[in-house]
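Next come two complexes built around chain A: one with chain B, the other with chain C.
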Partner chain A sequence: MIEYLVAIGLITGIFAIFALGLNLEWGFTGLINFGHVGFLAIGAYTTVLLNQGGFPLWISMAAGVVLAGFFGMLVGIPTLKLKADYLAIVTIGFSEIVRLILLNEDWLTRGPMGLHGFDRPFEALIPFDYNYFLFLFTFVSLAVIYILLEQLVHSPWGRVLKSIREDEDVASALGKNVFSYKIQVLILGSAIAGFAGALLAFNLQYINPRNFIPMETFYAWIIVVLGGSGNNKGIIVGAFMLQFFYSGTRLLQDFIMFDSTQMASLRIMIIGLLLVVFMMYKPQGLLGKKEELGLGR
Partner chain B sequence: MKHSLLEVKEVKKQFESILAVDDCSLIVKKQAITGLVGANGAGKTTLFNLITGYYKADSGKILFNDIRIDDMPTFKRARIGMVRTFQITKALSRMTVLDNMMLGPKGQSGEKIWNIWLKSGKISKEEDMAKEKALEILDFFNMLHMKDEYAGALSGGQKKLLEMARSLMIDPIMLLLDEPFAGVNPTLAKKMVIYIKELREKGMTFLIIEHDIPLITKVSDTLSFMSQGKIILEGTPEEVKKDPRVRDAYLGGGD
Partner chain C sequence: MLMQLVVNGIVVGSIIAMGAIGLTMVYGILNFANFSHADFMALGAYIAFLLNVTLGLNIILSFFISIVITGAIGVLLDFLVWKPMRKKKADLVSLIIISIGIALIIRNGLIFFWGGGSRHYDLPVLKGTEMFGVIVTYNQIIAFGTALVFMIIVHYLLKYTRTGKAMRALSDDIDLARISGINVDKVIQWMWFVGISLAGAAGVLYALETAIRPNMGWFLLLPMFAAVILGGIGNPYGAIVGGMIIGLSQEISTLFLPSEYKLGVSLAIMIVVLLYKPEGIFKGTKI
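Showing the complex of A and B:
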């Protein structure tokens, strides 16, 4: 039982980090990123490929984070001058391009076969079940990222982000370089996703392009909306809640006489229903502020 | 004679089939208060958008303090001292009134990401100063008690005031106000007129779009009357008001 809880706790922590990156972009700055998973993939594959190529794990991981941030900038430069919706289109396209490259460039990524056999942080030094260590490592990282993000969003820098979210015309009228802030946010959000990607690789021990389908992006969106966008604490709670819906419905298997495919479909329906009902009662998300909902532009 | 601060020279802006601003020229002198009047659709707000960089002119020149600014992005124009408000108010809804205000000051150390960890002492000092100034200005506009409210929860008139108050946080050289008195109660509007004049005494220059003729007369040194994309008449408020074209625009008639 404890192993199971650690295992689902681990994946929850990784997704919480992943969603914190999205929350910086959407929750605080109003950027619609529908391709967040692309940066998760870049983080994961860069870490694994460099490590397999003989680089020390820490360097590989750092390179994964930096490269994810770099691609965030590359995607942002041509699109962020346009209105918000274009970013949504470009990012979802970008994440699919990343996935298809990973799938088809066999010489580099072994395509659908995926990659396995790579180092994990301190693996040789851990005398007990490695998952416990990875769990600890993930949650310490989550805590650090959370604290840094909280400092950022409560600073004058964060205030500029919120003003861009509310109305970027005002931000420029007050002398703020809106484009530069959006780029910074996209770099940072993508780098966080890249870090989550490395953790995901450590957790799975085997990565392949199927891990990086667009649905993963929307799990992050569900977490952000469930927890309350623009609230970092809410994101962490939202990640646990989604995991609770997700794993909780698995227990149904013991009570209902369906075969596994039917069961899988039923679960998705129940999860959807739970999300809809939750949103009806708490449209602002678990820790979102209700009074903010009515405040349109 | 005082030197000119803003010079708009034969600026043109076409939208599809509408020529919104047509070879329009305007000079605003340093420390002057200039009222920009004209019927709806005359092109006043478009001219504002051209001056502040929200639109790019098809042709013509715009100079601010003798620097050509027509290719400068909006935020840079704000940094060299030209700040505007909007006709349709743009309160930053899901931010408090105080946060709206504190956004104003330019050159804040804390707006650079690394400084948040490297210069936290300097940032908190700047924040204290900005807060003090914000509270002072809010107090003038009778909004001190609302400082912790969401800006989106304010009334239309209060949002107008907040916009003007927020622009003052930057210490602009020139303030362009787009209908600052619309929806503001008469007592406060009169107080604002006095305040604008006080700010002018301290060196600020104003260009104000306003439909309330008595108020704009009271506040401005000169009025510029705009019609069909051009400034067709300039003079003291009394002169401009007497002109039959102006009377047509404001007292029925129209075409």
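Showing the complex of A and C:
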């Protein structure tokens, strides 16, 4: 039982980190990133490939984070001066291209066969079940990222982000370089996704392109929308709610007449419906502050 | 080889163009990128499958009934979702997120009822004809011909009917249209009907060309957005030209790129347009 809870907690922690990156982009700055999973994939594959190529794990991880951030910048350059829609369109395309490259460049990524056999942090030093350590490692990382983000968003820098979200003309009229702020946010958010990608690789021990399908992005979206856009605490609650929903419906599986494909599609239909209903009637999410979010007013 | 790719490109391009017309109209009039548009193509293809294979109707009848039903679902969604959001003067970014929610519901609804595998219409298998070394299948001829007829119909609709003219007026300036006495909600509902039924029709044609799959729309979403942006947002004629350019480039790219990367061609064209000419090659209404 405790192993099961740790395994579930691990996934939840990783998704909470992944969603914190999206929350910085969408919740605080109003950027629509529909390709968040692309940066998760870049983080995971860079970490694993460099490590397999002989680099120390920490350097490989750092490279994964930096590269994810770098691609965040590349995606931002053609899109962030234009309306919000363009970032959404280009990111969704970008993440699909990343997945197609992972799937088809066998010489580098072994394509659909995926990659396994790589180091994990301190694995040789842990005398007990490694999952317990990884659980601890993930939640310490989550706590550190959470605290840093909280400090950032309550700094003058963070207040500029919120002003961009509410009305970017005001922000630029006050002399803020809106484009530069948005690029910084996209770099940081993507780097956080890259870090989550490395953790995901450690957790799975085996990565392949199927781990990085577009739906992963929308899991992060439902976490952010449920938990409350622009509310980091809500994101962590949202990640647990999503996990609860998942595990709960999996337990229900035995009592329902649907097969597993139908159950999976039904689950995603419910997530889609929740996205629609929340954006229509409660855009601030369950824990967000309505006064703070200008959406739908 | 090149000629074969050009023929394939024209056929796929005409299907992309047909889908892109609805996408660009929504984008121009309601001002948001509708990420569920491509999934209505799949929905149209499956409704036609239901009529043609499950109920045994003939394919032409199934095609027309399917596009009417698909269009009607588009109008229904306006009542359920888009109109209440207009009344609230909702932020445009919320509409984009709602549209992705609708996309997830449709796509997984199709998987729920029909599973994830490929399906085909009940059609006699016809061999292609060979002309000057280029193989053209009957389905390709039918797809291109139908797409062409629909585009001509749309042209007449926009140019010569009252509703069509009103749609163009809304695309130019919705407030100006409102104060000149146009019933904006009614015109928007017509726009949904036309745009979404065109998507449904394009879906059936694409299914004739390839197969009926729940994620068939997904692979056309990016090319359609590329076509819309290339042709200038809100400009249906631009979307047609953009669709043809995208379809041709994607097919011709397979000469020197693995065909798995066709989507990358759409993305690359889109990024170049965004960097150097974000308003598109024809005048779009908004950027």
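Everything that follows uses one rule, which is that the second predicted complex is superposed on the first by the 257 of 297 C-alpha atoms of A that agree within 3 Å, B and C clash if a C-alpha of one lies under 4 Å from a C-alpha of the other, contacts with A are read in each partner's own complex, and residues count from 1 in each chain.
Convention: contacts are C-beta pairs under 8 Å (C-beta built on N, C-alpha and C of every residue); 3 or more make two chains touch, one makes a residue touch a chain.
Model, not experiment: these values are computed from the prediction.
Once the two complexes are laid over each other on the shared chain, residue contacts for A:Thr91 go to neither chain B nor chain C.
Contacts of A:Asn23 after superposition: neither chain B nor chain C is touched.
Ranked by how many residues of chain A each touches, chain B and chain C are led by C.
Residue contacts after overlaying the shared chain place A:Asn208 against neither chain B nor chain C.
In the superposition on chain A, A:Asn51 makes contact with neither chain B nor chain C.
When the two complexes are superposed on chain A, the residues of chain A that touch both chain B and chain C are 294-296. Interface residues of chain B, counted against chain A in their complex, comprise 52-54, 73-76, 78-79, 83-86, 90, 92-95, 99, 102-104, 106, 108-113, 116-117, 123, 126-127, 150, 152-153, 166-167, 170.
The touching residues of chain A, counted against chain B in their complex, run 151-152, 155-157, 159-160, 162-163, 165-167, 169-178, 184, 230, 291-292, 294-297. Note for the complex: chain C touches chain A at residues 27, 32-33, 35, 81, 84-85, 88, 90-94, 96-98, 100-105, 107-109, 111-112, 115-116, 218, 221-222, 225, 229, 258, 260-261, 263-264, 266-267, 270-271, 274-275, 278, 286-287. The touching residues of chain A, when paired with chain C in their complex, are 30, 32, 34, 77-79, 82-86, 88-90, 92-94, 96-97, 100, 103-104, 214, 218, 221, 225, 261-262, 264-266, 268-269, 271-276, 279-280, 283, 294-296.
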